[in-house]
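Working notes, beginning with the structure itself.
Residue numbering begins at 1 within each chain, and the chains themselves are lettered A, B, C, D, E, F, G and H in the order written.
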Amino acid sequence: KRQGFPEVIYGEGKAIEHIGPIMGKLIDRHGKVMVTRLDAEKAEHLLGLFPEAEYDRISRILTVGKPELAFGGQVMVLAAGTSDLFVAEEAALTAEWMGCNVRRLYDVGVAGIDRLLAYRDEITRASVLIVVAGMEGALPSVVGGLVERPVIAVPTSIGYGAHLEGITPLLAMMSSCASGMSVVNIDNGFGAAYQAAMIMKLVSEGVHHESPIS
Amino acid sequence: KRQGFPEVIYGEGKAIEHIGPIMGKLIDRHGKVMVTRLDAEKAEHLLGLFPEAEYDRISRILTVGKPELAFGGQVMVLAAGTSDLFVAEEAALTAEWMGCNVRRLYDVGVAGIDRLLAYRDEITRASVLIVVAGMEGALPSVVGGLVERPVIAVPTSIGYGAHLEGITPLLAMMSSCASGMSVVNIDNGFGAAYQAAMIMKLVSEGVHHESPIS
Amino acid sequence: KRQGFPEVIYGEGKAIEHIGPIMGKLIDRHGKVMVTRLDAEKAEHLLGLFPEAEYDRISRILTVGKPELAFGGQVMVLAAGTSDLFVAEEAALTAEWMGCNVRRLYDVGVAGIDRLLAYRDEITRASVLIVVAGMEGALPSVVGGLVERPVIAVPTSIGYGAHLEGITPLLAMMSSCASGMSVVNIDNGFGAAYQAAMIMKLVSEGVHHESPIS
Amino acid sequence: KRQGFPEVIYGEGKAIEHIGPIMGKLIDRHGKVMVTRLDAEKAEHLLGLFPEAEYDRISRILTVGKPELAFGGQVMVLAAGTSDLFVAEEAALTAEWMGCNVRRLYDVGVAGIDRLLAYRDEITRASVLIVVAGMEGALPSVVGGLVERPVIAVPTSIGYGAHLEGITPLLAMMSSCASGMSVVNIDNGFGAAYQAAMIMKLVSEGVHHESPIS
Amino acid sequence: KRQGFPEVIYGEGKAIEHIGPIMGKLIDRHGKVMVTRLDAEKAEHLLGLFPEAEYDRISRILTVGKPELAFGGQVMVLAAGTSDLFVAEEAALTAEWMGCNVRRLYDVGVAGIDRLLAYRDEITRASVLIVVAGMEGALPSVVGGLVERPVIAVPTSIGYGAHLEGITPLLAMMSSCASGMSVVNIDNGFGAAYQAAMIMKLVSEGVHHESPIS
Amino acid sequence: KRQGFPEVIYGEGKAIEHIGPIMGKLIDRHGKVMVTRLDAEKAEHLLGLFPEAEYDRISRILTVGKPELAFGGQVMVLAAGTSDLFVAEEAALTAEWMGCNVRRLYDVGVAGIDRLLAYRDEITRASVLIVVAGMEGALPSVVGGLVERPVIAVPTSIGYGAHLEGITPLLAMMSSCASGMSVVNIDNGFGAAYQAAMIMKLVSEGVHHESPIS
Amino acid sequence: KRQGFPEVIYGEGKAIEHIGPIMGKLIDRHGKVMVTRLDAEKAEHLLGLFPEAEYDRISRILTVGKPELAFGGQVMVLAAGTSDLFVAEEAALTAEWMGCNVRRLYDVGVAGIDRLLAYRDEITRASVLIVVAGMEGALPSVVGGLVERPVIAVPTSIGYGAHLEGITPLLAMMSSCASGMSVVNIDNGFGAAYQAAMIMKLVSEGVHHESPIS
Amino acid sequence: KRQGFPEVIYGEGKAIEHIGPIMGKLIDRHGKVMVTRLDAEKAEHLLGLFPEAEYDRISRILTVGKPELAFGGQVMVLAAGTSDLFVAEEAALTAEWMGCNVRRLYDVGVAGIDRLLAYRDEITRASVLIVVAGMEGALPSVVGGLVERPVIAVPTSIGYGAHLEGITPLLAMMSSCASGMSVVNIDNGFGAAYQAAMIMKLVSEGVHHESPIS
């Protein structure tokens, strides 16, 4: 038994003959399914098999069906550069799929700090913030300093040379001087959105079932 | 100015002549202060200057005053091995300081899975889980699979050889197959607790100030 | 002179013109041969030359002939994810080729611990366990804690980002807190199976030739 | 609860006030105890508390009581250089403690291949071989080529510069061209011995409880 | 012969018996000398030998004599955290020693972006900017985005865990998305100041000696 | 708002449909545009859309329009090997685009020191030096020792094996024993030229606006 | 001016339009030329232009003309595995080109030590030994222990996983316990042969021009 | 048994009780002995036991007796910086001990190329060159370009930050563009000298025993 939102398939490296049947089974059981990391060619084939499916070329996500839940509050997805959008959109679409209300704020890299600060009010009003950045990965530190909300940082593979395919921003985010921030794997927009949804779900359910304290 | 909980001093590498006056100023302004990463020798000196202070030898945290907030729900701190306790206690004491209700569950490493599973019900009832592990850092993956709550993983510097002073569990946690999990820096119990408190604060405040959606 | 099971060819990076003749020579001498790491295209060519050969697409192993030995007991091959099967099957087929009785237990990753524990009795009855895992490589630690038998861990190249093409689970397995476990190279199902067979051969031959002690 | 041989304490980084009581409890329950990675100063203190204890300065192991089991066959411990003896002896004493019959063969590094080959007959008669080597870690490859028995390789932290505190021989052993060999963590003589004992235990118990095959 | 400013001694790892005579010789020849990376104990000895010397405990720089040059414009030294001051002061004192007019701006880390932006006008008026940062090393990117002047980034060894003793901010600064920025070695305040002074010297000398163009 | 020279597009990984419109907009606003990291195939398409554009196959830079500024002095671009020219030309063309007077000095690697020294006079007359080198990256150290001017070092991805795709010369340049030198990312000829232009702009503008000193 | 054997072109990454003319020029000046790292397709084209040329598919070396020198003694090239031959042959052909008398000894990996030792007498009679090995790179240590002659070790890129594309055997060879051995870059058969030829040239020229001693 | 020059003891990490007796035995057998990597304190003790011994504080080498051999020609030891002398002297004293005629050329780093070139004639007359360099390790490339003799490069642990305790110059030397150069481990002056002596021994013995060619 898989936990929580079981209708998600990780498409990377899986053949269509493999994905098709699982999709069928999940649609039968849950009335919906989401496939991530699916390239356009495979998506085309699957759209043939599942005409009701929708495919998004940027995030490379294919979906059948709609979210059942609709959490209040807002998950904000920020992205430093336009090349990071494929990760930001994986996060945004996943969060929406899981029931979150998502606000996108893109192309707000730290080398042009004014653009970011123009949205300061909105940023502080967000419930949870997913901050996506490649290169040196500095955006989450600045955002983390602006808010008193949980910040989930996502390093991306966008960069070259000393960027080490994302290892550099990953380590930099880990070493951030901003509190209240945690990090997921390189390009893992899905994982960041999943944790954001877990938080929104907790907010939505509340903490009434008080457990006896140790 | 530190954001949110401004009365925390990072004691590592700071001299007493430096810490003392800042403590004084923070006590004046907030009526309380917390110093982390403070070794026993320095603590002794500061206990001389601030007799109302309390020092915890395991977490190496010194505090003056008490938390003002008291969030509902529960932050559970799990630790794999007894050598990881200094990190787990940094997390637990920080979370308590920030107003969280903390439950500790220690010495539940994955090589003795039955001990962990004996607490399964309690684990699933927690609001947020901080999972501390050195060596191969496998515990968060197992815990993440048991719950539908946010899991914050903390790799520790406890291990040797291929463990690379914590880089190995850090990378392993990043690569975890469990969803809903994010990671903070090696030995950063403080950072994990800070994020947990941000989540509990969000839960406590709720999401009433609905922002207009993009 | 090569040791032990000399009729194995490592196919990676070898041309058909190179593999064909060696196969012929080994069949002449031993009546059988096994080729590992052989892609489907090359396999097709070789099946033309050796019509009695059998090729397995998942493990990418081609064989002519059958094992002569048949050890008692059981080598269990466990795999964490379905993407790791190519390594697990390299191990399983190699172990069978060398005379082992093999039991497969797949898709038992630690993020869904119940699926693994459902097979607990069988697991504890195995003689030797080969545990294959990509991502964070946590499965061998859990399995190692369940048994008092030798565990051979195989990290796989399945994962992304912080997974470092398998270096992360390799180092994690090395750092495992479970005793009685050792590790082979990334994706080296062959090597794990070879050692498992060495163990079963020792069990089968027994330890009668007592050597004088130092 | 530690699995199998529960009476072992890992002494590294533990205080005497911590180790003493656990020792007492384990002696009560099992009549014996072994402490590894114990420096001479701590050992002295503990010898005061437990006068029946024995301490070995090279392996840094302290023991109370004797092994109950006595497996047939032979575990051979080979070491490349004299500086690697502290690891080799950790392996040898642990294996003996667990009931193995141990043969030591030290100072047989590959740069003087004749010394090693002088023992060729004995080497091929061993049941399991633990091969300890620092520097470039080449010895296990040569030994692995001489025998048809399981070889457990242990890289050591002895070396400098490009040796990277043992990471280099660890990776080299992983990449070995000899089959039937697996690797444990740097300096982990204990872990190698534990696996060797698991193998000898399997040999001693045999494989009579045939499990139904998949 | 050291180029340009020959009266500088790198004190790290040099004995007093070694430094003393070189100092004497340089004072004879140039009437002044500067020693960097000199610990307090050695400084005390040298102050005995050269009573006219001055020692700064933070930068660990000892000087005899005064700068001859006095460039116009301004070299601004910014530092992210108070723990980075030893590097910032090495830069500041070296730049002053070489004739630069130095402005210090400390404790302006990106997690509290308002403090930095409060000095925006001054920052844009600086001629050259040396930006010192440990942890994730994000400050130079933000500063680089505010100015149209050369920015020299200095990563520091202040941080822990994923910070890798400065390798992480070094790689992050290299990967920065801000243009016009270059990087020197970890903690190398001296090197950054030296380059800043080379720039101010060029500005001061002008570019009158037009060389024939290719 | 982007800083300084806003009419530059980083072409790597961008589609023509993406680049074309931005080019149009920038030409409208600034009368000119430069695209870097543009492969020949994409360039061909864009030359169709913008017939006034010019494309350089070595640097992979496409430009429309001409520099407005013309700084005095001279930026010298030195390259160690002929394989490094693609980086050297990215630097040279960018510097020219930004208004610098550029002198190229190529194929002057340190293993043939006489070729380099034949240009010694010219080298010492340059205002700023951009030194491009792959392999072991030694050239900047030698050049840095010849001049009292700012040296900007650019490691390249040209090399193999221990060269680690440029990480080795990057780290070597960072560790250089020559003063007054700083380093940019691997293959980042653009970044080096940008900083060189910032320096020439400062020289050209002078330092008349004296800011009040701290 | 290039040193020593100036008629060598490094073909990697060079276009035919680039190589052709240089070849022509070198043939004019020296009557001969050698091109290394030349793939078969480019070679075909060049054989059209230079019909007197000879191309070797394994080493990927193309030559025009013959060696002028003929040193006495013997350079022995040993290779561990058959997959390493492309490097071994680069070494062998280069050494022959430079005038050395070359003896090849292939497929003598340490996991089958008897094959190597069968040639022991010949090995000890060689003047200089080039030892080529991928995987764990253990062969040079064993050979180094057999001879009192200079040993030049060449790590190769043949291996997988923990082998790190040759970094592992490179570091292992560096850490070797055999004296009298030095190492060149991964796959650098050319460099090893060049040094071997330098040694044979020294032997051939002798050391008559005694320089006055310091 | 150590090969060739058997009377050498590696002192690092060995106790006096261990070194003393081996020294005695080697003096008995060979009339001489050399101990490397011996700290001053241990040396003092051993000088008590062996009053005829001589100890050199820089190289940390202790010797009893004199070289028997006296090769013609000249081994030149070059060192880039004065901090590298401990390695250079280990090389120089070892080479002398083995019978080489040694010329020292120190403090000739590449950032002051004139100092190096002042010795150009002498450099080209040397038979073998050992080039010692820390920091970026550029010296061997320049020297290699000046001579047609074997160059053995020795990276040192002198440097900081990006220098990675010598790994950076090691990798840089490996990637050198100068031909005829090979590399030994970090700080391994002994190993470089040993190989130089092997070369001088070959020169001295000549290559008269022509072996039959393959």
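FYI, contacts are C-beta pairs under 8 Å (C-beta built on N, C-alpha and C of every residue); 3 or more make two chains touch, one makes a residue touch a chain.
As the structure is a computational prediction, the values presented were derived from the model and not from experiment.
Following the contact convention of this document, B, H is the list of chains adjacent to both subunit D and subunit E. Pairs A-F and C-D differ in how many C-beta pairs touch across them, and the larger number is found at C-D. Subunit C and subunit E have Cα centroids lying 57 Å from one another. Centroid to centroid, with C-alpha atoms defining each point, subunit B and subunit F lie 46 Å apart. Averaged Cα coordinates give subunit F a centre that lies 41 Å from the centre of subunit H. Listed for subunit C are residues 3, 111-112, 144-146, 161-163, 170, 174-175, 178-179, 185-186, each touching two or more other chains.
Across the whole structure, chains are in contact as follows: A-B, A-C, A-E, A-F, B-C, B-D, B-E, C-D, C-G, D-G, D-H, E-F, E-H, F-G, F-H, G-H. Of all residues in subunit E, those touching subunit A in their complex are 80-81, 109-113, 117, 135-138, 141-142, 144-146, 159, 161-164, 168-179. Within the complex formed with subunit F, the subunit G residues making contact are 1-3, 12-14, 155, 157, 165-167, 170, 185-188.
Across the complex, subunit C meets subunit A through its residues 83, 111-112, 114-115, 158, 160-163. Those residues of subunit H whose C-beta lies close enough to touch subunit G in the complex are 2-5, 71-74, 101, 103-104, 122, 125-128, 144-152, 170, 174-175, 178-186, 190-192, 194-195, 197-199, 201-203, 206-211, 213-214.
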